[in-house]
Amino acid sequence: MRIHCNHLTYRYPATSLYVFKDLDFNISEPGFHALFGPSGVGKTTLARLLAGKENDHSGALRTEAVSRILYSYNTERLPGWASVGMHLAGVTREGQKNRLEELETVFGLTEHLDSRFGQLSMGQQNRVNLARYLVQDFDLLIMDESLANVDEATREKIILCIKRIFPGKLFLYISHNVAEVARFCREILVLRGVRRSPQAISIHGQDQTSDDRSDAAELERTMLEIVHAS
Amino acid sequence: KQQKTREPQIPELAYRLKWVFNTSAAGELYAMEHGIFKAAGLSVEVKPGGPEKDAIKELELGHAQFGVASADMVIRALSQGAPVVVAAQLFQINPLQWIYRSDRTVIETPADLAGKVLGVTFGGNDETIMRALLAKYGIAGSEVELHSVRYDYTPFYQGKVDLWPVYRNAQGIIIEEKLRQAGEKAVFFDPHGAGVRFVANSVVTTRDMIEQQPEVVDRFISALLTGWEAAMDPANSDETIRIIHAYDPDTPVDQIRRQWAVTRKFVKPSSGFKIGTIDVSAWEETERIMVEQGLVQKPVNVRTAL
Amino acid sequence: MLHKRLYQFLIVYLIGLSVLLGFKYGLSLSDYVIPGVPMIWKAAEGASGRYVADTLNTLGVAVVGHMISIFLATVVGILGRRRSWAGSMIRAAAYNIQAYPIVAVAPIIFILLGDGPVSRLLIAAMICYFPLLLSFMGIFSEPVKDIEHFFNATGRMNWRLQVKIRAFENMRKLTTVIVGSATMAMVGTIVAEFIAAANGIGYSIRIALYQSDLAKILVALFYIGIFTSLYLFCLEWAGFRIEKRFETPKEGRG
Amino acid sequence: MLHKRLYQFLIVYLIGLSVLLGFKYGLSLSDYVIPGVPMIWKAAEGASGRYVADTLNTLGVAVVGHMISIFLATVVGILGRRRSWAGSMIRAAAYNIQAYPIVAVAPIIFILLGDGPVSRLLIAAMICYFPLLLSFMGIFSEPVKDIEHFFNATGRMNWRLQVKIRAFENMRKLTTVIVGSATMAMVGTIVAEFIAAANGIGYSIRIALYQSDLAKILVALFYIGIFTSLYLFCLEWAGFRIEKRFETPKEGRG
Amino acid sequence: MRIHCNHLTYRYPATSLYVFKDLDFNISEPGFHALFGPSGVGKTTLARLLAGKENDHSGALRTEAVSRILYSYNTERLPGWASVGMHLAGVTREGQKNRLEELETVFGLTEHLDSRFGQLSMGQQNRVNLARYLVQDFDLLIMDESLANVDEATREKIILCIKRIFPGKLFLYISHNVAEVARFCREILVLRGVRRSPQAISIHGQDQTSDDRSDAAELERTMLEIVHAS
């Protein structure tokens, strides 16, 4: 499993500014990786390019041994005609019912399964949306600020749960929380903007699999590394 | 436009026809094309009519000074207090007749109508005429089937209806021709011949016009009738037909020629006949028929408006 | 709410009537041009019974025609929602058919379908369906990205789901159009009766017109207005219930 | 795109014609029920010149009527968008007026306005404006909360801004409806001519009808279709330009 | 300037669960305060109650010496018919043009003023939206996750800028970032859910006005306090 980017150049149609110019990077193992960088640097754009939702780029952006890519983002909505519980049940793949229940519990959704999507708080909406992606068939799941409106404690639980359940899949987690990506992510691809060289730096995260906070110094170092890079 | 302001004494008149330009307006068109109105010192705008046009209402609203209306409209308007006056009667014989295929339907006497499917426009004067006919010949309503007529002829073409009402001098010619081209023979059933005299198109104006501008009315009517006399003169037939075709390009010339001949029979039944003569007894019969059928509440004494 | 609708109709009707009567008495026109109050009253007395029956008859056909139109517009709207050639072909067909005035098409319909109730219904539906179609087309062809993305991405999207999503997100617009088009259904039926049928209020109007009896037409318009208002009220009430149902779902999952 | 529209029209027209002719030859109906190809051809040769002129005449009126309808629908849609009593009164008036079939109202219009071009235009506009109104009403009455909140909260909201926001957010639906209603404008004008005017293609259709000349009606429908397609194309193109303009604004601020 | 809440009880119409039951709290001084708590606890609900966008509550929720309350949230949008620069200029109060320019600079928007709102990244949209509220006339501005999609560095700059420019106004900042609220906010009102008592706890934040990170231990303590409360 690999994501491979070589001389990627892109700008939005009918605009003059490039989002990427000769961007190179490599993600070569499964795991919970992060896509990081200041607002407006192009994280969403890169994610959408990967998911095939934007086109007309030049250069190579390829995946290997990754056949199903899913892209989720935080402002997605569920249809309003049924409760979220029914929707979740409806879109769950055969044989994943148990997994769905597990996710509902960890994500703190059990009490809200009877509500319509529009009646949920923003963070609840985030979690419901992410949960349904996790019961799909995927190799790479891009989470574009999918947990942006969830509190830190819940987010931590969710990330650890995902890492535990899907050790062999590729995740690309977009978040603005330095501490979080430093602690839980394996590789952190820091986008730095089209004017800097290199445009992207890869940093090794702590890739923690439990919530023990033993190695505070290590974490601090990674965080600094990320902050300096971006 | 400039003439108007310089010679304001020329009366400007609007004349509303009952139907679109066709052979039934031969006299009007002739008078217009040959400057007969102008020669009479009148400026006349002849406006085509249509199903939604009611000359009598326009007279009262001042949109027109003269118009063409059928007798039933006149009588109805009189019964509702409209100040309408009949100035001339153009058709001596009502052109409304029923077409039928002689190879399928045999009508030798009016009594043969019994058992047939008869097309009538419910609410129209053809219904009134047909009911008068049926009453006259003692045919009960249960002995015939009245079929509602609308503007397309499909039920007749498809043989669902035996007799279909047409204006003998207009659609009558056209439909007859169509059937002939298809190898079928069409003939007409004429209520007038069967003794029901129901007056058709007449020239109407308002009481005010007659009282206040009697001289204009005279000039107009005599110009109009001059036009009609000329249009019905066989010597002018080619010219008349040319004029009609200019206004009614959708009808081929040879059909107009036949329409013209039929129209002549209705408007000028004999060579000495003076076009425009009001047939008072026919008007009274018309009124009687309408009263009998309850179309007007009480007699309007139509004679006073003629 | 029903009261309100009826009041409103009465106000509109009375305003219209006053304008007409104002004309009449202002220009002192005869009863033949514009009937006076006594004549209208007499016409009302004489014709009310029949006209109420006729209007109900028409309303019945209109309701069926309305349903057919909604169905037709939904089908065409769904087929025509795509930006593909086929979609635009269907749109073109729908538009082209509509571009032909019913008065010109009616004879063809009679030739093909005879002049039974089917033709009457078809004409009514044709007149009413197009306004529906236009809105449906607009609604069905516009993606609701934030909802549809998931289903597209996971290969779950099918046309039924897509239509359901778009319809649901535009429920209020849809109910507005459906309720409003009820009046078109009524009009369509009346016009169909006017040109073709031998019963219904449209037929009565035609007869009144031939007899240039404006008084009767005014009476007919009165009943048309009353019953249309009633039908609109029913539809609005139903729409309101549906909206309600989805706004405040019941607690407790079975 | 223009080619496409015309092709599509031709296909639709030819399909319709084939069905008719299929009927004719299938049931061996005679020429007076359904005209044969030679007859249609002859009618086309004879009448084309006049019919093209007539159709252009009609199109001219239709375009003006369409503009008036758009204007009318916008005004009524804006006034009727509120959930207040006044709003619902205006809606009621708009609906009630529409509920009266044009065939019944036309005589009254002619009495009040005479039979000049004003009546023709008014009838055309009345037929075309209602479908527009329905959509406009739906669109204008539905808040776009995420955009409107700021203006409401800061006291900046006025009706013009509100309408602008809602119209802009529903641009695509609006263009669909406006483009589509062009055919209604055409139909409305034809119907108005049919019942009242002395020129235009509607008048020609009436004459052909009373002469029972289906061949000519088919020719008229052909030209109506052609020119309606052209008008639709122009509108679609304009709508496309507007959409484009807002999708990809120019870089660089003056 | 004061916000005063006494026995506030609220549930959404036609639902059976209470969001608040006899909630009490007090915020009695101007400043940059936070509203904090796990996802779904009722932050947005409280904010909307304050702004008068939800009603039918029982109990008292009152403000004193606060006449203009504005409520901003992160999914707001700007109309699409003009560039964001023109919109911002259009809604700026008389005499605030300079302030707008200052905000545009600090918020990092200058390069994007020619874009339509729909062309901005999510964080850019957040910032544009917040900027327009700051050039309005207000006493209390509620920021409901208004910076949720902005990176930490930019967010920090923005918060410090707001605190510097508007020392006399009341802010209620809703965020899921513990470190941030602990560092920059004056009072942190932690909502704990309807089942716990007390339902809300007020915690003093560090209320920093510059980005020096001298007092790491103090900060850590405040953070722990918040985490324990919530």
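Chains: A, B, C, D and E, in written order; residue numbering restarts at 1 for each.
Assume a contact is a pair of C-beta atoms (placed from the backbone, for glycine too) under 8 Å apart; a residue touches a chain by one contact, two chains touch by 3 or more.
Remember, predicted model here, so these are calculated numbers, not experimental data.
Q: Return the chains shared as contacts by subunit B and subunit C, ordered by label.
A: D
Q: Farthest from subunit A by Cα centre, which chain is it? Let me know.
A: Most distant chain from subunit A: B.
Q: Taking contacts as defined above, which has more of them, B-D or D-E?
A: B-D
Q: Would you kindly tell me how far, in whole Å, the mean C-alpha position of subunit E lies from that of subunit D?
A: Distance between chain centres, rounded to whole Å: 50 Å.
Q: I'd like the Å distance between the centres of subunit C and subunit D, where a centre is the mean of that chain's Cα atoms.
A: Taking the mean C-alpha position of each chain, the two centres sit 16 Å apart.
Q: Rounded to the nearest whole Å, what is the centre-to-centre distance of subunit A and subunit B, using the mean of the C-alpha atoms as each centre?
A: Distance between chain centres, rounded to whole Å: 85 Å.
Q: Among all residues of subunit B, which ones touch two or more of the remaining chains?
A: Where subunit B meets two or more other chains at a single residue, that happens at 54, 57, 61, 151-152, 154.
Q: In subunit E, what residues contact two or more other chains?
A: As it turns out, subunit E has residues touching two or more other chains at 15, 75.
Q: Could you pull out the residues of subunit D that touch at least 2 other chains?
A: Residues 33, 107, 111, 206, 209, 251 of subunit D touch two or more partner chains.
Q: Sort out for me which residues of subunit D touch subunit E in the complex.
A: So the residues of subunit D in touch with subunit E come to 146-147, 149-150, 153-154, 156, 164-165, 168-169, 246, 249, 251-253.
Q: Where on subunit D does subunit C make contact in their complex?
A: 4-5, 8-9, 11-13, 19-20, 23, 33-34, 85, 88-89, 92-93, 95-104, 107-108, 111-112, 130-131, 133-135, 137-139, 141-142, 170, 172-174, 176-177, 180-181, 183-184, 186-187, 190-191, 194, 202, 205-206, 209, 214, 217, 220-221, 224-225, 228-229, 232
Q: Please give the residue numbers of subunit E that touch subunit A in the complex, ascending.
A: 12, 15, 37-40, 43-44, 74-75, 108, 112, 119-124, 126-127, 145, 148-155, 176-179, 227, 230
Q: Considering only the defined contacts, which subunit A positions touch subunit C in the complex?
A: 51, 70-73, 75-81, 83, 85-86, 91, 113-116, 129, 132-133, 136
Q: Where on subunit B is subunit C touching in the complex?
A: Listed in rising order, the residues are 54, 56-57, 60-61, 73, 76-77, 80-83, 121-124, 148, 150-152, 154-155, 295.
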